[in-house]
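Just passing along the structure, written as structure tokens.
Chain lettering (A, B and C) follows the sequence in which the chains are written, and residue indices restart at 1 in each chain.
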Amino acid sequence: MSRHTTTATGRPFTRAGAPSVSPQKTTRRRSFSTRRGLVIAAFMAPAAVFVAVFTYYPMLAGSQMAFRNWNLNNLTNTDWVGLGNFQKIFADPNFYVILGNSVVWVVASIIPQFIIGFALALWLRRKFVFRGLYQALIFFPWAISGFLIGILFRWMFNGEFGVINDLLSKAGLIDAPIPWLAEPGTAMTAVIIANTWYGVTFFAIMILAALQSVPDDVYEAAALDGSGKIRTLFSITIPYISTTLALTVLLRVIWIFNFPDIIWAMTGGGPANQTHIITTWMIAITQRGDYGQASALGLIVVAILLVFSAFYLMAIREKKGARS
Amino acid sequence: MTKRKLLAGLGLGLVTALALSGCSAPAGDGKVTLQLVESLTSPARTELLTKLIGEFEAQNPDINVDLISPPTDQADQKIQQMLQSGSGVDVLEVRDLTVGPFSANGWLSDMTGEFDGWDGWDSLTPNAQSVATAGGKMYFVPYGFYGISLFYRTDMVKDAGFDGAPVSWDDIVEQATAIQDPAANQYGYAFRGGKNGYTNAVLAISAYVAGDIDVTNAYRLKNGDSIFSAPEALDAMDTYLTLFKQASPPSSVAWGYPEMVEGFTNGSTGFLLQDPEVIAAVSESKAITAEQWNTAPMLVGPSGKAIQPLATAGWGTAEASEHKAESARLIQFLNSGDASIEFTQKNSLVPILTGAADDPFYKTGAWASYLYMNENPDVYITAEQPRGVAWFTEWADKADTELQQVLIGQMTSKELLASWDSYWAEKWAAE
Amino acid sequence: MINREMPAAKVVRIVFLGLWLVISLFPLYWILITSFKTPGAIFSYPLTYWPEVFSLENYISLFQKSSFGTYVFNSLLVATVAATVATFISMLSAYVLARFEFRSKGAVLMAFLVTQMIPAFIALGPLYLMMVQLKLVDNRFGLMLIYIAVCIPFSTIMLRGFFANIPDALEEAAMIDGCSRFGALFRVIIPVMKPGIIAAFIFNFVNCWNELFLSVTLMNKDENKTIPTALNGFISSFTIDWGSMSAAAVLTIVPTMILFAFASRYIVQGLTAGAVKG
């Protein structure tokens, strides 16, 4: 088999339904395999050029700050300091607290986002009255920018004048107002609630779009087998869209890790660093002008996410390999 | 092939568009265009600046001014990019916080030459003149000053059985505690625990050591130690924390500027220590009427004195500007005569022009307390804040975090003061 | 089709969907009624869940005080062009990455993924200098170029996932029928991919529509500003202009909601079973 047919594997439909490769086709492939390189280059070129010029060049040019004494408060001496900025970060006990916060922030945000988003997507497949309108309405949180969500929730969570405390006490759930953003535990809860509210849409849309690619006959076959709904979900639906699911989760992890907007607007990392994640801390450091240290922190973020992605992708590949 | 054509077309389009946009027509009529960048942007102020610029352009037909108004939160970063690239900015808003770093990087032009012989110089107040020529260089000319006074609810104070505004920090603890009634959603003091919350803690500490303070550096005592090392500082912190525990909204650990102001203007808190810009916001409030509030002078410490931390901002010229003479003309226009008076009054700033404070505007209502403080400089001592040092933003970040640690019980006030003292002692020793 | 639903499951579904609707909409409702309150009533306490008077003051002053119409136009223009071009370019690259094996493929994918990990501020200085040299500062076209570059990696990764879900059989059949690869892509694959492509476009559009950081840095004049810059402008260092901001936020959300309403139909209906069965 020529190499380029191996990509689409691991899905029941292909395995079950792909027609066998005919001799005629094999010849055909070989005949244009010389043009393969051209096709790849032509299709890839625009994306590669844009990303190289407007993303990679400035990022690489900017990363040198991480290895220099680059402080906006005094740029007269921007000497190379090697790994000095990194050492400063690793020597700061706050770094480890904030790293822990980042993990809590990612994990506690992504799990409810994924579950609610998945449930919405599954249930939105079923036709019901005003489904279009319903979808448009529940998709709207994604249409708001992170900073606006942050400001909005900062006021809704305000201890004394906030609408959330007002509603909770009207419902009889609390006796005294909760000073949400003033205490470490509740502050983290509040920012995670805001982020969950915001991020469910992303999962719902992505999963809904992916579910559309599951052909009905796969379900029909499952129904004929007498599979229950739950079993169909786990044995047919999820494996079928697993590529999309896996990538969606990976992208979300990267994004949430790198998403300071909501926290920055709601708590600024407070009280006392308790809601700082690495990227909000980075903003705080840029605001005091130390671009060298902030860039170093940025590269640490990249390193952490790269390692995570590598393990994640490996785990997925292994799991897939085991299944097929 | 379709795709080739498409790609070629796309590429061609890009190149053409690049070329077209590359030749943005330079003004051929000999006019000079100045780029003016503000940083403490607000819609109302931008409107006012636009109007003043219009007047300037009418008087100077050879000069065009483009006003660039980035949102406040992102403004400094944008201005830094512009200054670093050496393009796109002629006149910019320079603040006491930014003048140090900006001038150290060689981004600001020393305007001494351009301002030599300016007829408006003599009408500046001594304060404004000394800020403008600090360190022997004229990196910016202030457009006004920000001072602090105490906003208070006359009705709440009266209902709680007091016959006047608190004068000292001890008074406010007593009054605010009496006013505090969480069940009725009524709180004593609009405490600032969030961003820049340290400023009010420093205010209390300064008041307690006011007599010993070095007026050229408000963080230093006359004996050279930091104000945080004084034994009185601990008393100040204890009083300040009592104010928080007994008489402030519990969630004010996280309150920044907007929450404090909103807490006062929506009628739920009795006291607010703030700059005069708040006057406009409170006047617009429909929750409290003009009879329900007033301002009082700053709170004094046990010695009966207080430190007025005058903050300032003004206009400067970028070193990279090719139109320094025209830039100076614009700054001179903004900082003199009716333009300056209108700017300071509409922005609720302490004026830079001598005699401007004699205007009836500054004698009435809420402004009266500023006038009173001005007239009693021995009690309300003006001391220069060390806001120009390179590490000041780092300090602000550290101080905010540690104050919050004290508020949520992760640190004692003694540890806080020790940490703040050693921070400044180290910085000064390294200077 | 899908087998019948048990009554209990139906109750769970309806309760869940209803609850989530309320949760999703409440903040929107809050912005909406705030935008209709008079400036003085916004912070009255106790809270009012229904304004006594519906005032259009905030909306009127928004258009009187600022060139809000211009900002909306700029955002629409920049976001539409950038999202369209980026989605198209990403379709090509995603297709190649899903269908071909080549040596640098893993590296390319990783390179795209890494762009999602790097904080933008690192790139800001060099990017600004580059745009100054290209004379593209304060220029909507320049902003579009950068937005296109920002959108490409994510939509490529996303679309690649969707391409991978589509069986090879489909285009192989088309190519046997005499279509070129490009032809097969457009005539056969794209129609099947509609939900994914529309989802990618929406995400690109929304990202560009809400982007603040680059827009603030690169745009100067009022006539070139986009909505997020204007929205942020209502937060001054002294106070937050809630009335204007809520009104602006409502007007900002409306176009995206229309887009969602329009597109969500395609996301659901886009894929026809028949096409896959081919």
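Simple rule for what comes next: a contact is a pair of C-beta atoms (placed from the backbone, for glycine too) under 8 Å apart; a residue touches a chain by one contact, two chains touch by 3 or more.
These figures come from a predicted structure and were not determined experimentally.
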| item | value |
| --- | --- |
| Maximum centroid distance from chain A, chain identifier (CA atoms) | B |
| Chain-chain pair with the highest tally of contacting C-beta pairs | A-C |
| Interchain centroid distance [CA atoms averaged], chain A/chain B, Å | 38 |
| Whole-Å gap between the CA centroids of chain B and chain C | 37 |
| Chain centre separation in whole Å, for chain C relative to chain A (CA means) | 15 |
| Overlap residues in chain B, where contacts from two or more other chains coincide | 3, 10, 77, 84, 185, 262, 266, 268 |
| Where chain C touches two or more other chains at once, by residue number | 43, 45-46, 92, 121, 124-125, 145, 212, 232, 235, 240 |
| For chain A, residues that touch 2 or more chains besides their own | 43, 46, 161, 286 |
| Contact set on chain C toward chain A in their complex | 1-3, 5, 9, 13, 16-17, 20-21, 23-25, 27-28, 30-31, 43, 45-47, 89-90, 92-93, 95-102, 108, 110-119, 121-127, 130, 145-146, 148-150, 152-154, 156-158, 161-162, 164-169, 172, 175-176, 181, 192, 195-196, 198-199, 202-203, 206, 209-210, 212, 228, 231-232, 235, 240, 249, 252-253, 256-257, 260-261, 264-265, 267-268, 270-271, 273, 276-277 |
| Residues on chain A engaged by chain B in the complex (per definition of touch) | 42-43, 45-46, 71-76, 158-161, 176-177, 179-184, 187, 267-268, 270-274, 284, 286-290 |
| Interfacial residue positions of chain B with respect to chain C in the complex | 1-3, 10, 14, 17-18, 21-22, 24, 35, 40-43, 45-47, 66-74, 77-78, 81-82, 84-85, 87-88, 185, 257-258, 261-262, 265-268, 275, 277-278, 281, 284-287 |
| Of all residues in chain A, those that touch chain C in their complex | 3-8, 11, 13-14, 17-19, 25, 28, 36-37, 39-40, 43-44, 46-48, 50-51, 53-59, 61-63, 65-66, 116, 119-120, 123-126, 131-149, 151-153, 156, 161, 163, 166, 197, 200, 202, 205-206, 208-210, 212-213, 215-217, 219-220, 223, 229, 240-241, 243-244, 247-248, 250-251, 254-255, 257-258, 279, 282, 286, 291, 294-295, 298, 301-302, 305-306, 309 |
| Interfacial residue positions of chain C with respect to chain B in the complex | 38-41, 43-46, 65-66, 85, 92, 121, 124-125, 128-129, 132, 134-139, 141-142, 145, 180, 182-183, 212-213, 216-217, 220-222, 229, 232-241, 244 |
